[in-house]
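Across the two complexes that follow, subunit A remains constant while its partner is subunit B and subsequently subunit C.
What follows is the complex of A and B.
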């Protein structure tokens, strides 16, 4: 029992999982049917799964993918990339402009995705070079693309919001015929498995943490901090392109102003809620992904409670503050101290009772 | 090797020229860039740039930004960050308008309300960041979400103030003697500034004094430079950080009221991205996010540079909004790289590359 509690207090996943659990329980009490999944037929005649659970998983997939890249950047560079949403708008614009100049077939689709990947990796590398080589704080370095990124997307689109429509696009943004699970969820899972394999089979995860914990030590041990940081930015670039393309496929057009608006804040929040220190060092990718689902679950819950969409932010902020207060080291220490005090006092009381 | 005391008495007699500090160097660069930029704009484009009113409009339109950025400077010097400024501004404008219109409020009451909202956010951020040691980015992000959400809870529709006493205050203009321009009809129109500008300038001077001559200000630099050393020197690190957030919160409240004095309307879209512009002003002004370096005068000139470049872009015929944000990005990039290179060169002491006054102090070398 004692070792279990110790393990729980040490694991960074405890609080995020507990928060998710509380949200689920609250929703079940409020409405027992909340998480029921129904089988329906959509407009294209496919059998699909619908329900709040599916919409939570589906809606969070873009932010979850972005948060994977953000976790690596946070861990190695001790800072956050606030330009992810703007770069995703650029990647989405490139994706659409390639698709619109060709007939949409599977090879063209892959080519377009590859193009947007290359472009977003290049923009990410621009951030990476500023951070890794010029040693600029990540938040400030990425402020450049944060303010200029959406304008570059505007310029690529020529000031319009071009649309793309094709059965292929709807099958990526919605459902593949014959598979009842939304495609973004499948892409998210595949992406997570790929990243897990990369981190498990190579030393990248370990090296990233080492660079984040102590750059000097990493350097002395033969790990190049510059390359590790650049790798984090490259992976983040791929994440950004994927998230951008999924979102474009889902809505069927590219709007540089509103594509993934404010997503960078949600992404950073999900990294923090997942128990990762924003000051770098140890990280857990699953924590960040869970964080993304917590935020989406919270949003869906608030919508279900008929909170107006503009006011959702205020309630979200309160929940976020409660979660981060409970996961703050000071509060954790205090709780553990109180717990120990209570447990130590009990035997003393018993001894006194016996003596009396 | 001389003992410290000998070195001290020796230096007392000669008093060698102090090498310029990082803070002052970065600030000087910003001020020179701004003046140079404005001079070039006056020579090349003339017209509006020669008009003193256009120069003063830089202040009139952005007084609230100066006030928010001043609070942010203090936080950034202490090594933190605050991205809630825009949200608090919007909340203050909306709350004050609704209070004045629907609840029969007075001007004094609305000022108190603005200060109260600022104080609330300052207290919240201060306690969470300083005493519970939560990352400032997340705390102030939550603060921003809360403020932006509360605006729509207070009122979803945009509101305009029609309170008489408030409008009198809003329309108050201060004429600058001796400055002005000749209108199309040849009548001399004196240049005017709004009340908010006076408040902003007072805030800038007050914060500059706090940073330079008070114990709290000096502590801020110590905490931001190295919080462990500050702690071992007996500085109350937590309290210093707490006061920084508290003051910044109050300044956000004042900034919100100044915004209201400028536009007279409460709207959920008020001051969007003001927090990022405030951060950009600070960076251009030479305040480092790593803490310990910065100056509020630099922040003022950073804001002026940021807005002047936008004016120049418009004057040169690139009126599409996306040119403005791209040039803002380029300008940020230029300043960030410049600062990074200068600081790196100074740290490594590549003396051959620098003129004498830029070199790091020789005192440090003697002692080591």
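What follows is the complex of A and C.
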């Protein structure tokens, strides 16, 4: 029992999993059928799964994908990229403009995605060069694209909100005929598996943490901090393009002003809720992904509770403050001390008695 | 020492001459009958609406129509104020302003009045005394909301269970388009199933509608406060297999008259779209011409005429004429 508690207090996944658990329990008490999954036929004639659980998994996929890249940047650069949502708007705009200038077929779709990936990686590398080579604080460096990104997207779109419609687009943002699970969820899972493979099969994960913990040591051991940081930004660039394209496909429309609006804050929050130190170093990708699902579960819960529009952000803030405070080291230490006082008094007394 | 003094003298003379040259150039243009107009607006990058608005002013206030136009774009009030002051110093005949914020304009408009410059406000009102401007051509967001609600009532549906998706809370468009519907909720003619803000975001609108569908509550109207959010809402309906639009189970209403949105109405996927007209230039042009020919303006506040199209009365020609964007 004691070792289990010790293990739990040490694992950074404890708090996010516990928060997720509380949200689930709360919803089940509020409405026992909250997480029930139903089978429906959509307007394209496909059999699909629906329900709040699907909504949460589906709705969180873009932020979850973004949080993977953000975790790597946070770990290696000791700071956050606040331009991800704005760059996603650029990537989405590129995606749409390629699609609109061609007839939409599978090769064109892949080409458009590839193109938007290249563009978003280039923009992300711009951030990366400022951070890794010019040693500018990440938040300051990425502030440039945070403010300029959506204007660049505007310029690509020619000021309008262009639409794209095709069954192929619907099958990426919605459902592939014959598969009842929303495609964004599948993309998210595939993405997570790929990243896991990369981190397991290469030393990237280890090197990233080393650079984040002590750059000097990393350098002395032959790891180039510059390249590790740039790699993090490149991976984040791919994440950003994927998230942007998924979001465009959901609606079939690019609105540079509102695409993934305020998502950068949700992404950073996911990383923090996931138990990752925003000051860099050790990281856990899965923590960040769980963080993204917690935020989405919270949003869906608030919608289901019919919280008034003006109050939604305040409710969200309260829950997040609680989660973040509970995962702070101060509170963790307090909990451990309380536990020791309550359950380990006896052995200590025995020890003292023996000594006497 | 002597050399610098001479140099300074020469410079001063050149400057003075230059100024005089400028002055004479200005007065000569006035005699040509060209009307000098300074336009202070928000940048076209703000939205599709603004892009159409800017293009409209560029079209109407052209050299061919006898105008010499200087334009300044900014989303920031203080920059707009500086630019307006600069236009006053430059000596324009008319100043046309779409203010970024409603406050802080009194001083500048008083300066304009002292200089004999006539001021028109367009698109957005400001908190100033009515005597400081000739006329304001604005959209009435509440009238747009009323138009939609009245149309909805005219459909004589057996019951009204409305999912109301709001824009960013506190914005002009949100307040205006929410009020008429709130009145219906208050007097019981319509039932509010959900009222939630999607902050103009399409994907958020989709999630809100998803959550309503998941809750199993009945609804037969979606009132989205702009086109994008209506599109997001319809995406959620499509995924859940709920029919919408003409002959569908759910009535879909959007605002803003984007061309793609009007095409949805024409195709019968949506029921109604209400205009938010970015075209104020023609009206101001007419008023300026009337002032120039010695006429007087009757109204201080001119409400820009707006219309709606539903899936039964829209034509392709309407889309080409009134739609914005592409």
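Here is the rule we use: the second predicted complex is superposed on the first by the 342 of 356 C-alpha atoms of A that agree within 3 Å, B and C clash if a C-alpha of one lies under 4 Å from a C-alpha of the other, contacts with A are read in each partner's own complex, and residues count from 1 in each chain.
FYI, contacts are C-beta pairs under 8 Å (C-beta built on N, C-alpha and C of every residue); 3 or more make two chains touch, one makes a residue touch a chain.
The structure displayed is predicted, hence computed values, not measured ones.
By the touch criterion defined above, A:303 reaches subunit C but does not reach subunit B. Legend: residue contacts after superposition of the two complexes on their common chain; A:221 is shown touching neither subunit B nor subunit C. Judged by the touch definition given at the top, the superposed model places A:203 against neither subunit B nor subunit C. By the touch criterion stated above, A:318 is placed in contact with subunit B alone, subunit C being left untouched.
In the superposition on chain A, A:255 contacts subunit C only, with no contact to subunit B.
Of the two partner chains placed by the overlay, only subunit B lies in contact with A:135; subunit C stays clear of it. Contacts of A:102 after superposition on the shared chain: neither subunit B nor subunit C is touched.
Common to the subunit B and subunit C contact sets on subunit A are residues 151, 154-155, 159, 308, 310, 312. By the touch criterion given at the top, residues 80, 130, 134-137, 139-141, 143-152, 154-155, 159, 265, 268-269, 272, 277-279, 308, 310-318, 320-321, 324-325, 328-331 of subunit A touch subunit B in their complex.
Contact residues of subunit A toward subunit C in the complex are 40-44, 48, 50-52, 55, 59, 62, 151, 154-155, 159-163, 170, 173-175, 182, 247, 250-253, 255, 257-261, 299-300, 303-304, 306, 308-310, 312.
Across the complex, subunit A is touched by residues 44-48, 50-51, 166, 169, 194-197, 199-204, 206-208, 210-215, 228, 231-232, 235, 237-243, 258, 260, 324-326 of subunit C. Partner subunit A is touched in their complex by these residues of subunit B: 81, 128, 131-135, 137-139, 141-146, 148-150, 152-153, 156, 268, 276, 279-280, 283, 288-290, 320-323, 325-326, 328-330, 332-333, 336-337, 340-341, 344.
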